[in-house]
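Right after this note come the structures.
There are two complexes below, and they share chain A, which is joined by chain B in the first and by chain C in the second.
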Partner chain A sequence: MFAKMFKDGLTRRRLLGSGAAIAGSAAAAAILPRTAFAADKVVKIGFLAPLTGPVAAWGKPGLDGCLIWGEWINAAGGINIGGEAHAVEFVAYDNEYDPSKARTGATKLIREDEVKFIMMLGGDTWPGAQPVADRTGMLFSTLLPSDLSPDTTTLIAPCEVHPIYNVTGVEWLADNMPELKTAVMCAQDDALGLPSVATYLAAFEAAGIEMQDDPLLFDPATTDFAPVVTRLISGNPDIVCLDTCYADYVHPICEQLFQQGYGGQIISCTADFYQQIVAKTSEEFMEGFIFQFPDFDDPALNDESINFQMPNEFYAEYASRYGADQWGAVSWEYASIMDLWKAGAEKAGSAEPDAVLAAMKEGGTGLHAFGEADWWGEDLFGIDNALVGNWPIVVIEGGKATIKEFRSIPEWYAKHGELLKKHMSAYGQMWDQRA
Partner chain B sequence: MVELLAQTGLNALYAASYTALVAVGLVLIFGVMGVINFAHGELFMLGAYAIVAVYADWNLPYLVAVAVGMIFVGIVGLGMERAFFRPLRDNPLGGLVASIGFLMILQALVSMGFGVRMEHVPPVTQDVIVITERVRLPVFRLAVILAAVVLLASLWAFLKKTRFGWALRASAQDPEAAALQGISINQTARIAMFIGAALAGVAGALTAPLISVNPHMGHSVIVTAFIVIIVGGIGSLEGAVIVAVAYAFVHTFVTTFFDGVIADIVGLLLLLIVLIAKPTGLFGSTDRA
Partner chain C sequence: MHSRVTNLAAFLGFGAILLALPHTLSFSQQEILVFLTINVLVVASYRLLTLTGEWSLGHVVIMGVGAYASALLSKRLGIYVPASMLLGAVTAAMVALALSFPLFRMKGFYFLIGSFAAGEIIRLLWKRFREPFGGPKGIKKIDPMPDFDIGIYAFDFFEPISYYYFALAVVGVSLWVMWRIERSPVGLTFHAVHWQDKLAEASGVNVRAYRTLAFVLASGFAGLSGALLAHYIGTINPNSFDVEQMVFVLTWTIVGGTATFYGPILGCVVLTILNEIVLREAGFEQMRPLIYGLILILSVLFMPKGLESLVRGALSWRNAGKKKVGETEATE
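And now, the complex of A and B:
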């Protein structure tokens, strides 16, 4: 930003960034297995996500994370495909969370850039890209498995099982704070908000927590959240659930909850840039805020079961380049998908979409960022293309996000799956309803 | 219930204040220049980014940042008048298209300069006036309401009591007759554009600590502003203020007692009803309709 450029100084920022990049690359080169690769062997990966606009917070930080991932992988010798080392190169296209631009971007990435795999946020943009996927057989990934259906045979959700993992946060809340019995919820009325509403409703019902009111839906163009918050807390609920609100909404809603004197529990899918919320409210107010996305400097991520290369170093590198307060829900997710794709390509000995997909799904299990997981989803999405396992429950303590526990999504689903299907159906979010 | 109504009323007053500032600026530009300025929401956004730069990044006092924002956006408005609206004065559609193009340029420039992510603006004050346990008015929201009242009252005095104000009103009523009386159309257009843009800028600057500041934030206010000026009567300053207050109350109460999506539908229904019953708007004249 211009102002920050003047304030911080371009030279200093670049110097710090370069220094951190060199240090990170050196660390990666030292730790990751090393092979030699010819410079002309390059495998291109498409990054088709919102880089501008209101949903950019779930695109741009992911690209930033991928660039670090790519530098580290290349520094460590690249991706070994069929016995030959390949450098990885990301080609980004900003779809602005617009389906028509997603379609244009997918076509351009495949035809002109000749990418071998395309990562998307999904949601409203997937219907734009789907005809291209159907026509070309290109392998796509989404962060939103609600995009999946029996027709999306080349679409996988290998990292984030949004919004199903939200059940783990509610389950943990109910186990640890059994005195909280009533909840209210608000959400933006869109493809991200509604399936999450259904999931939270199922999770609250499973936990024996009563909804005081129907979920309060608001227009995504809302700027002033005072009326929303006034309505939410008018019945003195024990819990306010912020569903999967975008960061642009979570911040002003929390500020309003603070200013209107709410003192109860808050639970949310995300709390991107939560340090800014703490600054706008107080450490005391945000104490105990529950969400689902950890900072990767968390020591709990150093456990052997975690399938993400050097999470603490990755976080440090990210923070040094972009600032710790710019770390968000997706900063690590697209990089994590690349870990899975890399493993699949190396196993298949090919970067071709069908070969990589077959290798990734072989045996019906896989290693997802938070440990062993199953390819799952037939029951809910009509296809087993979501990789589902454990997911962390994160709580803000002393102004810092802390992983409290990992909980199993499949275990919750085995007990309460019918509830989830009931609420998904009520909101028209089952795959056959969406189709 | 009384407390809920009271809190909702306070919320509505705040919404009315910044909506009126934006809408009045838009009306003033249209009234004098006959141009629908689609980039008005982006002028609001520029005002908010002035706060990001001057207050959040350079740590200068908030009031200084507001003043900088208001003047800077006013100057941007002057540039728009000279670059687009004056050459296209006889082509209202051309002016409209130019303003659409300019809004995209402003969004792109801000994205390049500041990045696409939501900006953090530290709170100016976290003090809250606690009327009852359930009725609270944050001091900063009260300040925004008071600032809007002062600015709109100052504008009213300027238009009614000063020669420049008379010239602006004369140009708005009949540009040719005003020109025959020796009033410079270029001069009045410059003044209208500066004031109209500055009002949008100051609205953005005042509300920046309370909303998400991002390059696309102008979109949300421009839709509301257009509803307000169409219902109020395009070209009517009084209509813009009265309808801004009425719309803010209706929207806020419907959001609180039903939900935000229904509130938007109600707002658009009101627009439709007024257009059918009185196409010139509630306070509009047939000359500008």
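And now, the complex of A and C:
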């Protein structure tokens, strides 16, 4: 590491990053519970997500985060299961966001690698893995709770309740910028874009913001966003909503908005690698951009209600290994799911999927990364397998993502749940419409 | 007589290897073998289309037509899965017949672009109409092939070995039919349409009818492969049949070569093993697209006639060796 550091040149940023990473590792070893570590006991965890292709931005950074998490846990003595320390090992399989490869990967991870838990991005790939999950009883997690239905009893969404948390961003926008009254929205026409469209429509309606036009749905194969943006801003809207567009779309859409002279408010679910957008546009243009995924060096994450272990140190380690501009929405998410799984396995005294699931859901609450949360979802998904609580609203200020506030998703849902169900139904996104 | 016995022995030996093959593989490799078997039918059917000289960019979408039709027929109308697979193939062939009217007003590059546009229209229809196609999410929980027992073997079609045997039988019969078509006067006319279309036309051959026939037959087999895929993985969506998948089919075909029946199949087998097994096992999982692209460039540069040229070279070298031995013996 040091040889590489001096070979590549010792910059201030690298020095600070490495210093923080070393401090983080030391702190991890000191803070996390120490147990007698038995190197021969290993618990394997499967990572079945896209690592290549257009959706890799929501898989690869998550694996990178998990590797840091695993090293820290192993350095601190591993996971205590039934009184014995187990080292954790991640086994990854690139499903290329293809259901047939998800099936092959699930088979390999369960029947050959003998993993005890599999983390997925979900979406198009879950139906490919579902028959394997049903047959083997393996516990899976997804980042997309729209995969949940009453018959997905071994599938949980313990971190990201996409896209429901998007309501918090719109609610915050309406409270803080009440002068903004009209909005337009664009999204890719796919399984990820549509439930998010329904959610944003509900959130805008609840906030009293008028949609100027129907959401503009573009084909995922779109590469030229100039006409999309031209049409989008033709009515001079106060707000442009980018829904849950993939990073490959958010970047060119922002560039087009910049080039076509849009000066209004932008809100988006994600802004992965936003530093690159700032570099392609300008700091002034991106000022005030609202999204939902914080950088973990944010001081607001040091609050004692936050359950993610040492977020600032985690971010520093991640940035020093892969670069701060490689930090994305999922960099921390799979690691936070592992925090929950670890707690469940230690509580159950077993790594077996059914025992861990029962321990995780005991009492109906769980320690979500952003605070205590409820196992919830029967209304929308037909099963209470989504862990829902607070979610941060993030705004770009001076070229840097900053948490403005945490807001409660259940509180919004208690007030406006019927609106959400109405729009979800209109887009065929309720669980009983998805078969 | 001696040659026939040798061929029969080689055929039986190859069949025995194919039957024993899944038992030598790991679980995930068995899964890959199922998809490989289905893809063999896709590339072989694609070659049938290229016999008349036309290259399509809509072949994978036509495969999807078979998949969607079979899935909907079994799921909505309760049609027995093997029957719905055949009906899926027929639907794909019928859709190809309908498309042939506008498409075969074009040739060469224009046909290529036209087929891409036609394919995209079909894909967009699947996305636009949630009823009955399921929209962007596609169709889930497609009925699986029903399990059955033949006494010596119980077929559980969740298990890749069972589905491999079923797919192998279907693909084997399909390949035999395609082989017979190519060797028949119809197949020879396909070649004539490709290489000497003006001469063929002057000889009274209805060139457009033969191009249409090749397109419809190839599409029927592609539809059958789509149906096989749909009832195995249990889910399909418009992205499963997008241009990226088509690029894979083109790559297998180009790297394998199209001069022989086995060329594209060889390309499909070699590249699938390389991409899905060798590179993954070697730890190059995330570099696979890069390496795959490099192989395509190198093969086009250094092996323009495809992998089949290596086989043909080896066979002619062996035959030359035999001839030389025979001449030496005759001299002595």
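Going forward, the second predicted complex is superposed on the first by the 410 of 435 C-alpha atoms of A that agree within 3 Å, B and C clash if a C-alpha of one lies under 4 Å from a C-alpha of the other, contacts with A are read in each partner's own complex, and residues count from 1 in each chain.
In this text, a contact is a pair of C-beta atoms (placed from the backbone, for glycine too) under 8 Å apart; a residue touches a chain by one contact, two chains touch by 3 or more.
Since this is a predicted model, take the numbers as computed values, not measurements.
When the two complexes are overlaid on chain A, chain B and chain C occupy overlapping space and clash. With both structures placed on the common chain, the touch criterion links A:H251 to chain B but leaves chain C unconnected.
In the superposition on chain A, A:Q326 makes contact with chain B only, while chain C stays out of contact range. Once chain A of one complex is fitted onto chain A of the other, the partner contacts of A:G261 are limited to chain B, with no touch recorded for chain C. Residue contacts after overlaying the shared chain place A:D384 against neither chain B nor chain C.
The larger set of touched chain A residues comes from B, when the choice is between chain B and chain C. In the superposition on chain A, A:A92 makes contact with chain C only, not with chain B. By the touch criterion defined above, A:R231 lies against chain B but remains apart from chain C after alignment on the C-alpha atoms of chain A.
Contact with chain B, but none with chain C, is seen for A:F273 once the two complexes are overlaid on the shared chain.
Once chain A of one complex is fitted onto chain A of the other, the partner contacts of A:T107 are limited to chain C, with no touch recorded for chain B. In the superposition on chain A, contact of A:G53 is made with both chain B and chain C. Among the listed stretches 19-27, 91-99, 127-135 or 181-189 of chain B, only 91-99 clashes with chain C once the two complexes are superposed.
Residue overlap on chain A between its contacts with chain B in one complex and with chain C in the other: 51-53, 60, 189, 219, 221. The touching residues of chain A, when paired with chain C in their complex, are 51-53, 60, 92-94, 97-100, 103-105, 107-108, 111-112, 124, 127-128, 130-131, 135, 189-191, 193-194, 219-221, 428, 434-435.
Interface of chain A with chain B (complex): residues 1-4, 6-7, 51-54, 56-57, 60-61, 189, 216-219, 221-224, 226-228, 230-231, 234, 247-249, 251-252, 255, 258-261, 273, 276, 279-282, 325-326. Across the interface of their complex, chain A is touched by residues 4, 7-8, 11-12, 14-15, 52-54, 56-58, 111, 113-118, 120, 122-123, 126, 128, 130, 133-134, 136, 138, 141, 207, 210-212, 214-217, 219-221, 223, 251-253, 255-257, 259-261, 263-264 of chain B. By the touch criterion given at the top, residues 26-28, 31-32, 35, 124, 127, 130, 135-138, 140-141, 144, 158, 160, 229, 232-237, 239-240, 242-243, 276, 280, 285-286, 288-289 of chain C touch chain A in their complex.
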